[in-house]
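Presented sequentially are two complexes of chain A, the first with chain B as partner and the second with chain C.
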Partner chain A sequence: MKKKLTVALAGNPNCGKSCIFNNLTGSRQHVGNWPGVTVEKKEGICKYRDYKMLVVDLPGTYSLAAYSIDETIARKFVMEKNPDVVVNIVDASNLERNFYLTTQFLEMEVPLVLCLNMIDRAESRGYKIDVKQLSEFLGISVIPTIGHRNQGTDKLLEEIIALTFHKTTNRKTTIKYGKEVEEEILNLEKLIENDDQLNKKYPSRWLAVKLLEGDEEIIKRLEKY
Partner chain B sequence: MIGLIMAKKKILEQVTISRERLKHIYGDDTEAVFAEQRYGFISGIMRKVVSKPVEERLYLSDKIDEVVTNRVLGLPIFLCLMWMMFKFTFTVSEPFMAWIETAQGWIGESVATLFVDGSFLQGLVVDGIIGGVGSVLVFVPIIWILFFCMAILEDSGYMARAAFIMDKLMHKIGLHGKAFIPMILGFGCSLPGIMATRTIETKRDRFITILIVPFMSCGARLPIYTLFIGAFFSAHGGTVLFSLYLLGIIAAIVMARILGKYLLPGQPSPLLLELPPYRMPNLQGAIIHMWERGKVYIKKAGTIILAGCALIWFISNFPWNPEYSKDYESLINKTEAEFMTVSKTMDQKTDQYEDAQESFEKKVSELENERAFEKLGKSYAGRLGKLIEPLVKPLGFDWKIGVSLIGGFIAKEIVVGTLGTLYAVGEADETSASLREAIKKDTWPDKRKIYTPLTAFTLMVFCLLYIPCIATIGVIFQETNSWKWTLFAAGYTTTFAWIVSFVTYQGGRLLGLG
Partner chain C sequence: MEANNLPIDYSQNRPKEYIPLTMASPGETVTLVSINGGRGVKMRLYSMGLTPGVRLKVLNRGAPGPFLVAVRDFKIALGYGMAKKIIVS
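Take a look at the complex of A and B:
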C-alpha cells in the first residue's frame, strides 16, 4: 500500500512552475476546471519510492490577496484543502519580487518548502545565494533546482516527504509591521483566540493581518457566520 | 451559539476601530503599509543572503526589449511575427488536413460498402457520423500547430510584450491589452481565441472579449466568401474580402464599447504586466501544452459537433421517403432501359456510342439531382427554411439561403455545402463552377434574380456576424460557465447581424445597387 499525500505547487507566473510540475508528474496529468470557475486546474500523479503524491498546480500569482480569481483559487485551496505540503517555487534570479508570495505563505503557517528554481541563471548573472542561511531566516527548507534540466527534483521530493511525515518541521517566522499595526494585530488576535471556531480554522495572526488589510473575502466570510 | 455570533461581531467591530486608527496614522495607504513591511522583510533577507554583482549589467533580455517593445518598431515587429505564425500554422497543417480528408473519404467509402446502398443506416454512418467526425478532426492539426506556436511564443516571454505593445490601442476601445491575443487568434478560429481569454484577469474584460472574438472573421467563413466573391465580385475580390475582415473588426470594436458601457460597466483593469526575461522555450513543455489543448478540443467540441452534424443530417434527410411529384425511380429505370435498347445496336467503340452513353448519364444525374432537391425541399430542414423565409426576406434571402444559414450554425463552411445540395449540383465545393452558375441563374417566383451582387454581399455580411458556430457556442459555455451569457452571445450576434444586413441590403437598394 503506497502512502498518499497531496502537494500544491505555488509561485509567480514565469517562475518555471510548469517545468517543475512536468518534472514531477511527467505525462500523468489531468487538466480540468476549478469548481465553479473556469480557470484551468492542472493535477498530476507523482509516484516516488513508496509514495503516491497528488500534485496540484495552483494558478500562478504574485500575491494571495484574493483580488483576482487566480489568487482566490490559490488561497482557498491552501486554506481549505490543507495540502500536506505547499511547494513555493521562486525564480532565483528574481527573488525580491518572488518572495512577496512567500511571505504570505509564511504567515499562513502552512507546511512550506521553498524551491529555488532556475538557480543556474541566477548564478550566471553573478548572484550568490547562501541557501543555508536563507533556509534559517525563513525557517523552512530551501531546495535549489534547475527545472528545465530536471535537476534537484529528487531532493525536492525527499524534502516534501520529510516535511509530510514530520522528519523536518517549519519554524514559525513572523513579519513585524511596526508599532501601531502590531498593537492592533494584538488586539484582534486576543478576540480571535477567544473564538474556538475561528481559532481551529485559521492562524490567528494571519487572520488579524488579513482583517486589518481589509481583505474583502475574509470579512465577508466573518459576516456570514 | 449566540455567544459565537457575538464574538464574530465583536471582532468585526474591532476591525473597524483598528482600521480607523491606522487610517488616522497612515492616511489612505493603510494597505500599502503591510506591503511595505513585507518588502522590508524581504530586502532584509536579501541583503543578508544574496550577494549581487557589483554593477547591474544590461542583460540580453533588456537589449532585446529595447528593439521589440520600441515605440516605433514594436507594432510592425509584432504584426510580422503574427503573420509568420499564421503562415506557418496554415502551411504546416495543410498536408495533415489533406491527409485527414483523404483518410476520411477512404474510410467513408470502405464503410459504405458494408451497408445496403442508399439505406438509412449508410447515410447516417457515412454522411452523418464519419462526415461529422471528419469535419472536426480536420481542424485538429491547425489547433495543435497554432497552440504549439503560441506555447513557444509564450514560453519565450514574447507574448507578454505583445500585450504590452497593444495595451494602449486596446484601452481606447475599452478593452484590456491582453484581449488582443484572443482577437488575433479569432482570425484563425474562434475556439482557440476564446480559450485564450483565460489569461485575462477580470471577469468583465474576459467576458467582453469572449463576446466579441466571434466577430473576427475565422477561417471557416472563407469558403463562403470564396464562393460569392468568385461568382459576383471576381474583379474586386481582394477589396471585398478586405472590407469583410475590416467590418468584422469594426463590429468587434463597436460591440466592445456598447457592452462595456451598458452590460458590463466598469473600467478595464490597468495592465500591470511583468515582462519576464526571455528564455529558450522548452520543447517538452510546448508539446505537453499542445497535446492538452488538442485533447480538450477533440473531446469537447467533438461531442457537440458530432451531435450537431447528426442532427443536420437527420433534418435534411427526413422524411426518408417523401411523396415525390414524379416517380423518379421508374423514370430512371425507363431512361436506363431506353439506353440499353439503343446501345444494343451500336458498336461500343464508336463516338456515337459514347455520345449516347454521355447523354444517358447526364439524364440520370439530372433526375437524381432533381429528386434530391425535391427531397430536401420536403425535408424538415426544407420546411424550416420556408418557415423562416419571412424573417430573412427583408435581407434579400430566400428559403434556400435560410436553410443553409441554419446549417451554418453547425459550422460556417456548411453554408456552402448546404447550398450545393439545395441547388442539386451534387457534391459542391466553393470552387465548383456549376454551383456558381446555378446561384446566378436562380430566380424568385416573379422571375427577378435572387442573387445580385448586393444580395451576395449582404449574405457574406450576415455570415460574418451571425450566431457563432455550435463549437464556438460550446466553448463560450465552457468558458463563461453560464447559459445566460451563452444564449446572449448567440442572440445578440444574430440580432446585430440582421440589423447590419438589413441596413446593407435596403440601403443598397435605395442607392440603386440591387
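Take a look at the complex of A and C:
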C-alpha cells in the first residue's frame, strides 16, 4: 500500500515546469516556447519508492494576484486543495523576476520547496548561485535541477517526501514592507486574530497584506466579517 | 526616409517629459514612469517586473512587430498596444 501525497508545481511561464512535470510523471507533454502554454490543469502520477504522488502542473504565472484566470486557478488550488507540497520552479538565469512569485508563496505559508531549474543556463551566463545561502535566506529547501537533462529529479523527490512526512523545521521568513505598512499590517492582524473563523483558515499576515493590496477576491470573501 | 542608413531619431521633436514607450528611439534607455491602463494591465506588467522607476532599454522598436526591451536582468517582447500604455521618460 503506497503512501499518497499531492504535489503542485508552480512557477513563471517558461521556467521549465512542463519539463519537470514530464520527468516526474513520465508522460509525454508538449513543451512550448511562448508564455502561457499551460492554461489548463495538467495532472499526472509519480511513483517513487513506496510513495504515490499526484502531481498537478499549475498554470504558469508571474504572481498570485487575482487579475487573470491563470493566477486565480493557481491560487485557488493552493489555498483550497491544500497540496502536501508546493514546488516553486524558478529559472535560475532569471531569478529576480521569478522570485516575486516565491515571495507570494512564502507569505501564504504553504509547504514549499524551491526547484532551482535551468542552472546550466545560469552557469553559461556566468551566474554562480550559493544554494546553501539561498536556502538559509529563504527558509526553505532549494534543489538545483536541469530539467531537460532530467538531473536533480531524485533529489527533488526526496525533498518533497521529507517535507511531507518528516516535518523538517520550516523557518518562517517574512518580507518587511517598511514602518508605516508594517504598522497597518499589525493592526489588521489583530483584527483578524480576534475572529476565530478567519484565524484558522488563512495565515493572518498574508490576509493583512492582501487586504492592504486591495486584492479583490479576498475583499469579496471577507465582506461578511 | 532613412536615406543615409541612419535610424530615425524620434527624440528631436518630442518634449523632454513623459512619453509612451512607443515613442522611444532604438537603443535608448528610459525610465518607466507609470502604466496608462486599468488594474489588469498594471498588475500584469508590475508582476513581470515593469514597475515605476525601472530602467528599460529599447532593443528593437516594433511597429510592425513586438517591441523588444531589456529590463532588469531579462528581455521582454511587448505588443504595440501594450507598449503604448507604458509611460516613460
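What to note about this one:
Everything that follows uses one rule, which is that the second predicted complex is superposed on the first by the 209 of 225 C-alpha atoms of A that agree within 3 Å, B and C clash if a C-alpha of one lies under 4 Å from a C-alpha of the other, contacts with A are read in each partner's own complex, and residues count from 1 in each chain.
One rule holds in what follows: contacts are C-beta pairs under 8 Å (C-beta built on N, C-alpha and C of every residue); 3 or more make two chains touch, one makes a residue touch a chain.
Source: prediction; values computed, not measured.
In the superposed pair of complexes, A:Gly178 makes contact with chain B only, with no contact to chain C.
With both structures placed on the common chain, the touch criterion links A:Glu96 to chain B and to chain C.
Once the two complexes are overlaid on the shared chain, A:Ser68 sits against chain B and chain C alike. More residues of chain A are in touch with B than with the other of chain B and chain C. When both complexes are overlaid on chain A, the residue A:Asn194 reaches chain B alone and has no touch with chain C. Common to the chain B-facing and chain C-facing surfaces of chain A are residues 62, 68, 95-97, 100.
Interface residues of chain C facing chain A in the complex, by the touch rule stated above, are 39-40, 43-44, 47-49, 72-74. Looking at the complex, you find that chain A touches chain B at residues 12-14, 18-19, 22, 27, 29, 31, 33, 36-40, 62, 68-70, 93, 95-97, 99-100, 103-104, 121, 125-130, 133-134, 137-138, 148, 175-178, 180-181, 184, 187-188, 191-192, 194-195, 197-198, 209, 211-214, 219, 222-223, 225. Every residue of chain B that touches chain A in the complex is listed here, in rising order: 4-5, 7-8, 10-12, 14-15, 18-19, 21-22, 25, 30-31, 33-35, 37-39, 41-43, 45-46, 48-53, 57, 59, 157, 198, 201-203, 274, 276-277, 279-280, 282, 284-285, 288, 292, 296, 478-481.
Residues of chain A touching chain C in their complex: 62-63, 65, 67-68, 94-97, 100.
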